[in-house]
Amino acid sequence: MSVGLPFYLSVSAILFAIGLVGVLLRRSPLTTLLSLEVMLNSVNLTLVAFSRQVGGSDGQVFALVVMGIAAAEVVVGLGLVVAMTRREMVLDTDELRSLSG
Amino acid sequence: MTGLVWTALALPLAGAAVLAVLGTRLPARGAGWLASLVMLVAFVCSAIATIMLASRPHEERAVVETAWTWLTAGSFQVGLELWFDELTAVMLLVVTGIGFLIHVYSIGYMRGDEQERRFFAYLNLFVFSMLLLVVSGDLVLLLAGWGLVGLSSYLLIGFWHQKPSAIKAAKKAFVMNAIGDVGLALGILLLFIELGTTAYTGVFAGAGSLDSWTATIAALLLLVGAVAKSAQLPLHTWLPDAMEGPTPVSALIHAATMVTAGVYLIARMNPLFHAAPYALETIVVIGVLGLLMAGAIALVQTDIKRIIAFSTMSQIAYMFVGVGLGAYWAGIFHLFTHAFFKALLFMGAGLVIHALHGEQDVRNMGGLRSVMPKTYFCMLIGALALVGIFPLSGGFSKDAILASALEVGTPLAWVAYIGGLAGALLTGIYTFRLMFLVFHRRMSPYAEAVAPTAVKHHGEGPSSMLWPVYILTLGAAVVGLLQVPGLTHVFFDWLEPIAPAGMVEPSAAQEWLTTLVAVSIGVAGIAIAGHLYLREFDATERMRLGRGRLVDHALEHRLYWDDLYAVAFERPAQWLAAVLRRDVDRPVAGWLPTDGLGTLTAFLGRSVSVIENGVVRSYALVIALGMAGLLLALLVRAG
Amino acid sequence: MIEAPNVVVLAIAPEISLLVGASLVLMVAAFLRGRDRGIGVLLGIAAFAVSGGFAIAAWGDPPVVTVAEALQVDQLTQAVRILVAGCGLLTLLVALGWPRMREAGAEYAAILLFAATGMTLIAGSNSFLTLFVALELFSISLYVLCAFDRSSKASLESGFKYLVLGTIGSIILVYGAAFLYGATGSFQFDGVAAGLAEAEPGAWLVALGVVLVLAGLLFKIGALPFHMWVPDVYEGAPTSVTGFMAAATKIAAFVALARVLAEPLAPVRDTWEPVLVVVAVATIVVGNVAALVQDNVKRMLAYSSIAAAGFGLIAIIVGGEAGSRALLFYLAAYAPMAIGAFAVITLHERDHRGVTTLESIRAWGFERPFAGLALVVFLLGFAGFPLTAGFLGKFLVAGSAVESGWAWLAVVGAIGSVIGIAYYLRVILALYDRSARSGVHAAGAPGLASVSIAIALCLALVIAGGALPGIGIDWAGEAARVLAAGR
Amino acid sequence: MGIVVFFLAAFLAIVSALAVVSQKNPFVSALGLLGNLVSLATLMLLLEAQFVAAAQVIVYAGAIMVMFLFVIAYVGPRGEIGPGTRKPWQVVLAVVAGLLVLIQIVLVVWTTDFGKPASVDEAFGGPGAVGQAFVTDYLLAFEGVSVILFMAAVAGVILGAGPRPKRLTTDQVMAKEGEAEARRRAASRAAIEAAREAEPGEVR
Amino acid sequence: MITATTLITVPLIAGIVILIVPFAQRLAGYLALLVALGMVGAVAGFVYRFEPMAGYQFGDDAEWIPQLGIRWSVALDGVGLALAAVTALVVACAIGYGLWARRDRTHATFGLLLITEAFLFVVFAARDLFVFYVGFEGMLIPLLVLLAVWGGDERRKATVQVVAYTAFGTLLMLVAILWLGLTAPDGPDFSMAAAVGRGNDLVFWAFALAFAIKSPLFPFHGWVMPAYRQSSPEVAAVLSGVASKAGGFAFLAVLVPLFPEQSARYAWLFIALGLIGFLWGALLAFRQPDGRGVIAYSSIAQMSFVVLGIFLLNAQGSTGATFQMVNHALVSAALFLLAGWLESQAGSGDFRRLGGLARSRPILATVALVLGMAALAVPGSSVFASEFLILLAAFADAWWLGTIASLGIVLAAMYMLRWISAVLHEREGDLVGQLRPPDLRSGALLAVLPLALALIALSVAPAQLTERVDPSSQMMVAGAFADKEAR
């Protein structure tokens, strides 16, 4: 392996930060969900990188589990978006403010 | 014997309770008769008990009996203790006897008042309190009686409670008395701490062993109580105002019984005072100053009852001089005779007031001699007894006091002697100023309009009012004969055992000399009064004694004592209380500022929930920042 | 050749019964579509009862590590199984009073059963992987439950918010687990603990992993600064779900946190202790202060549950036998109060046909004396008044803190409780405001009887836990020994 | 070679991630995510995690992305909302938070000495090794994920069920919501008033 | 066998039953009154059977929460019995008054009053710190609800104030109790006997603060005015009459025996505060515009005086303080009932609008006078006896102390006379003409009369009380006294 672990971890961190900033900045629920996927992927990269470093398949298994769960989450998240659409709610997270204070 | 005393003590209480509970269910007239009957029985019991006591040998005459333990705590113990000896017997007889007469008098006086029953209940309560005071064998119990007489006095002065002036006077009397109570209580505390007991037996036995400072302080503290109750300097200001009460009250409480309690206390505590000579001297000084001052003020008063009230204060000051000089028997003797003639004077005044439909200002009287001859005669006897004209009762007792001063012979005693004689002059003047203004000279228009018709319709008064007056007149005339210098010796002999350290007794010569001087001075006083007041004059003219406006003003304002108290105590206290209430209590008690705290927490709460703006991005931001912050802190700490 | 891992079926019988129950409910629902679906809820209740029954039957059995060392079934796990089963049972009873149960009751029950499975699993997890899966199982189920009332925008909104924020929390947890994996080479708790014990003290990588893992778990218990979701979600979710979250989620997340701190992270106590102390104090203060200004009762209770989480953190910090016992008792005591309080609110929502606020609850206590009195008792329990289970919980927590030298934390908790009394009192005062007339009146409706039964059960538990807590304390003590042994 | 591929893939991953985050049209964002996935799969291949890389492409590109695209299509233009810039502090703080997290992690990563990576055999990362681990050591996780997916499917049905809504613009939706809200408030107020005015007897 | 436990459980159970069973309104009231009278009878039986020299009696001691070393340990000694007796009487009278006043929602008012009574008995009988805390804190709840629901216009503010003050104190005390109980040498033990002399200064102050607030001792009386002014007369009577005695009792029966060393060391401070409070309350009472204000501040003065008496640490002081508490309970309860009666008849307690009430109302005048005279400690009254004992103790401690304290007695005369004349005497106020029933009669009279009669009975033979109290109260201060002597 020619590129060191820190490189991978850094790329992962950068993706994590981008995803995080995306969640913090975007108002469309769909984009928010997509940003979350970016974050999940970055974590997967970290897991796989460490798995390679440690030399066990634990990390990879964990990454697969994360993927499965991400799928489940997307299902629920998108289901919610659909339900909100049906209820004719505005698809803008900033407008989801009936609960506050 | 003690059973009789207990009965005498309990009956008035029972009477008061019955009257209070039955209230309006009793017929109006019945209340008075019931109360009087109670008093009569009490008097008879007292009399029999006294006779039984007299029949005992001298050394067995002090009887002590405990009914039950009243109060205990640790080593402190007070029993409901009866102490029956010669002094108690005298007081018992005075209280029940004079008290009975005044009860009967009141039946007539209070007739028609819608609150008659309440009046008699209070009156009975007072008698109970006074009896408790005189029969108790323990200082704490004495204090209880002491306080209860103050209470009943308050109730009776304020009997006509719709009159603000009456209520004000009642409150004043009570507060003054409370100050005295506290002084007395402190004295008792000191005695308990030094002697370990408050029972008379223990106190008398231990008094001699006290060091002189302790004894003096204790005696002075007791004196505070005595001074307040007996309306002596400087706690006398309540007595003149107390005349707002019904006249029988003045006669009973503010002449015959309660106000003399101070004299009784000093006489009773003579073993203690004996150990505290400074305290005795203080008493003499207070007495001399008081008798002169009160006499002087009496000269310019216009209210008939107030004149008599100041006279009372002056006479009690004589008694103080007497007991202060160590002539306890003389003081008590004067107390005894004074009870008769002063009650007589008050009740006579009451007849006058009754006839004038409640008028008390002497300027609106005059010439009543012809309208009310019986009253005039009785009051004349009383007045002469007061001035001390031989052979009426007051002369013997007052002269006994003055003669004792001669016998003592110290410089202070000489001052007392001279002062007492000067006081006798004042007594003559103010007493007969009263008599002349009321009964002689020309009738005032008011009296002319009211008195003749009133007397024509009702006589000088109902027989229930007149008969007690007659009896007292007789008493005022003759009771002095119990102790005629050189001839009879009843009073001294009777009281001698109460003072283990002995009593001052002047010789017959000293007494007769004093009598001679005093009677002359008294007659001179009467003459001066005649010169000043027997002339015809317009009732609206101000009745001045001297020429100086300052003196007049001062006397009319009772030497500014009231103003002094107002400036020195009352107003500062009111001010302090107002300031505390307005500005200080809230910040001090509100150290936990619930309002401010509420506002603060509400503000904090709102600021916290500002972040809870419902925007999910902001929530995520807080979470991210929180995570980053925690991370930063930990990394900095670890690195 | 692949060898099948050892699986002690009896040890995971409660989870199996929950899952079987869920499947059965869904199947029955498929057949009974369109008809009365109360039967689905009844099946759910039965599943919870069976699950709890298995756990009770296994009480006291020696600990087992099973399913390839993924799960440790010990007293603590059993305790959580029993508690979660109880919470689920009560929640279903409460949920019956909710009108929509007639059309979607079976789905509700099924998802609740899934959530409960996740909660029991997380309590017994023996590796970060199991922990994560279990966490996601109940989290995703709860997202759905929160949004279950599709007719309510607030419900959908709360579900979506919970989903977004909850996923961030989960990602942070995984990220932390990844770093710990990098530092120690294992996800197993014992492996992590062994690795951390060897790691150089104060290593940044370890610190990074610890903070991220903690952040993920603190998110679930709703501690500061990861509490932001709590008020909105509690307010928007169907009330029965809110009660379940306040009670069962808290139990599961707290036990998971306690286990993580006691087992894998025990060697790095120095790293996490200060973090938790700061978080605990901030949580108590902010939770109580913010609750003070709320007018919506559910929202107020949400903040109060944040404050309660702070109080629980005190017990976590104290740790050891006393602290763990206190934590368990506190959580167990908190559960019936929370479910009960939200059950009363469910009742009020039915009466009022609207949101429960201090305004709408005015004088309602006179309309429904029993429910009003019950709410008062629950609130007093939250506030920690004597003779309620809540008092004994706080008593034990504060006691463990005082005993082990954390008295000042107990004082902070006490001051928080003083503020707490103020806002609970606001509710009580409104409930019995004599000057107002209740705008609503109590009316019977289908399902309300079961709500009343649930309230009565909660009330009995709260009072029994306060008056005769001996059994509960013993029970919490036995379960807590697992955590204490780790240190 | 590896270095070039790494940097290329890393660059693409970052750019595509930025595209996900910054694009106004969710459709474009979703496509950005696709690019991101593929880049990451490449990086995973470099890390010798062939099975995960494959799964990444299959699961994400094959399942998740399709779902996303369907929903985006379903929701339509309402999904398109530009980056919110109403509150500058939100943007500043978001960037600060992101940078803070990034810098801290990078700092930790670069200051930690990880040592040499472990030597691994041929089978590492292959479907055999990972699959075996999945059904032995990680059986519970495997089952758990399947339960979660099952539950998610049920949830999808619950949430997605119901009548098909009319298509409306944002403005229309907002206007309707406002009206409905006002109606609801008025109704509840009227109900409360009515209950208040009623005599106690009637209330009971 | 009737024991202290009976005394506690009967009113508690009866209270709860009356609270929740829907009896007819009047029936509930009569039942409550019956129970309250039964309690008076039970206490009377105790008084009759009491052996002054035998220490704690009528006790029960059973395991309660063995895990924490908490026992249900209750017993009465002279001091506790005296206060329990007066509590029974005052509560019975309060219920009687409430019945006359036709309080609405009878179930709740009377049920809560009975529950208050039960908790007060717990306080007076507790021999275990946990039990004590339960009573001390528990009695607050029903009283607060009574204040908050049936109080005057500003009841909310008053309630919040009471809560803020008292909760603050009691919760710190809880932490202190925990410390004492859990650090016992032989494992956790919350019995008072085990706590003697073990506390440090911090623990001492935590206790002292709680008691000072409850008493109320100057300057912790901020909550008193709003609470006494806003609560209904019967509740004010119970609050000032007996609830405040819990504070005074706790000083004497808990603080001093448990912390002899600190009590002796800091006695000067309590004496100073007591002295200041005595004069302060008296001065402020002097300027209050209404009856309740006068009674409230006089209560502050009296309770400060009680604390002064306790911390003189000698026989007369402690016995006097107990006696004074009994007296003040009777006086202030009766005065509050009377003030409440006046307000209910005249519509205001304002002195400027009252006056002249004695005219043709002999019964009212008599009762008011008797109470007023008792309140100002006219010599011969029972209040005088108790004040005399405290003065004696003060004088024995330092002559100036007794002298300054005696000032307060003169002030008391001034403010009570002001009250009497402002209400009964002088010219009729503008409200007096409108009074409906002319005099104090029937129910209201029957409610006040027993209190007045008890005062009179105590005036006749105060030793009946002091003899029973004295050995116990001496025991309580014996330790601190010895410590003080040793100094």
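First chain written, first letter: the chains are A, B, C, D and E, and each begins at residue 1.
Just so it is clear, contacts are C-beta pairs under 8 Å (C-beta built on N, C-alpha and C of every residue); 3 or more make two chains touch, one makes a residue touch a chain.
Please read all numbers here as calculations on a predicted model, not as lab measurements.
> What are the chains that subunit A and subunit E both touch?
Neighbours common to subunit A and subunit E are B, C.
> Given the contact rule stated at the top, which pair of chains has the most C-beta pairs in contact?
Chain pair with the maximum contact count: A-D.
> So which chain is the furthest away from subunit C, centre to centre on CA atoms?
Farthest from subunit C by mean C-alpha position: B.
> Most remote chain relative to subunit A, going by C-alpha centroids?
Most distant chain from subunit A: B.
> Would you mind pulling out the distance in Å between where the CA atoms of subunit B average out and where those of subunit D do?
Centre separation, subunit B to subunit D: 97 Å.
> Please tell me the distance, in whole Å, between the geometric centres of subunit B and subunit E computed from their C-alpha atoms.
Their C-alpha centroids are separated by 36 Å.
> Roughly how far is subunit C from subunit D, centre to centre by C-alpha average, rounded to an integer in Å?
Chain centres of subunit C and subunit D, defined by C-alpha means, are spaced 26 Å apart.
> How many Å are there between the centre of subunit C and the centre of subunit E, using C-alpha atoms for each centre?
Their C-alpha centroids are separated by 43 Å.
> Among the residues of subunit D, pick out those that touch two or more other chains and give their numbers.
84, 90, 93-94, 97-98, 101, 104-105, 107-108, 112, 114, 137-138, 141, 144-145, 148, 151-152, 155, 158-159, 162, in rising order.
> What positions in subunit C touch 2 or more of the other chains?
If we look for residues of subunit C contacting two or more partner chains, we find 129, 133, 136, 140, 143-144, 147, 150, 160-161, 164, 168, 182, 203-204, 207-208, 231-232, 294, 422.
> If you look at subunit A, which of its residues touch at least two other chains?
16, 20, 23-27, 29, 32-33, 51, 53-54, 56, 58, 61, 65, 69, 72-73, 76, 80-81, 83, 86-87, 89, 93-94, 96, 98-101
> Dump the list of chain pairs that touch, please.
Touching chain pairs, listed by label, are A-B, A-C, A-D, B-C, B-D, B-E, C-D, C-E.
> Show which residues of subunit B lie in contact with subunit D when the two form their complex.
617-618, 621, 624-625, 627-628, 631-632, 635
> Touching subunit A in the complex: which residues of subunit D?
1-3, 6, 10, 13-14, 17-18, 20-21, 23, 26, 29-30, 32-33, 36-37, 40, 43-44, 46-49, 51-52, 55-56, 59-60, 63-64, 67-68, 71-72, 74-75, 78-81, 83-84, 86, 90-91, 93-95, 97-99, 101-102, 105-106, 109-110, 112, 114, 117-120, 124-125, 129-130, 133-134, 137-138, 141-142, 144-146, 148-149, 151-153, 155-156, 158-160, 162-165, 168, 170, 173-174, 176-177
> Sort out for me which residues of subunit B touch subunit A in the complex.
Its residues touching subunit A are 609, 612-617, 620-621, 624.
> Which part of subunit B faces subunit C closely enough to touch in the complex?
Residues 598, 601-602, 604-606, 608-609, 611-612, 614, 616, 618-620, 622-627, 629-631, 633-635, 637-639.
> Which of the residues in subunit C come into contact with subunit D in the complex?
2-5, 7, 19, 26, 67-71, 104, 107, 110-111, 114, 117, 121, 129-130, 133-134, 136-137, 140-141, 143-144, 147-148, 150, 182, 203-205, 207-208, 353-354, 437-441
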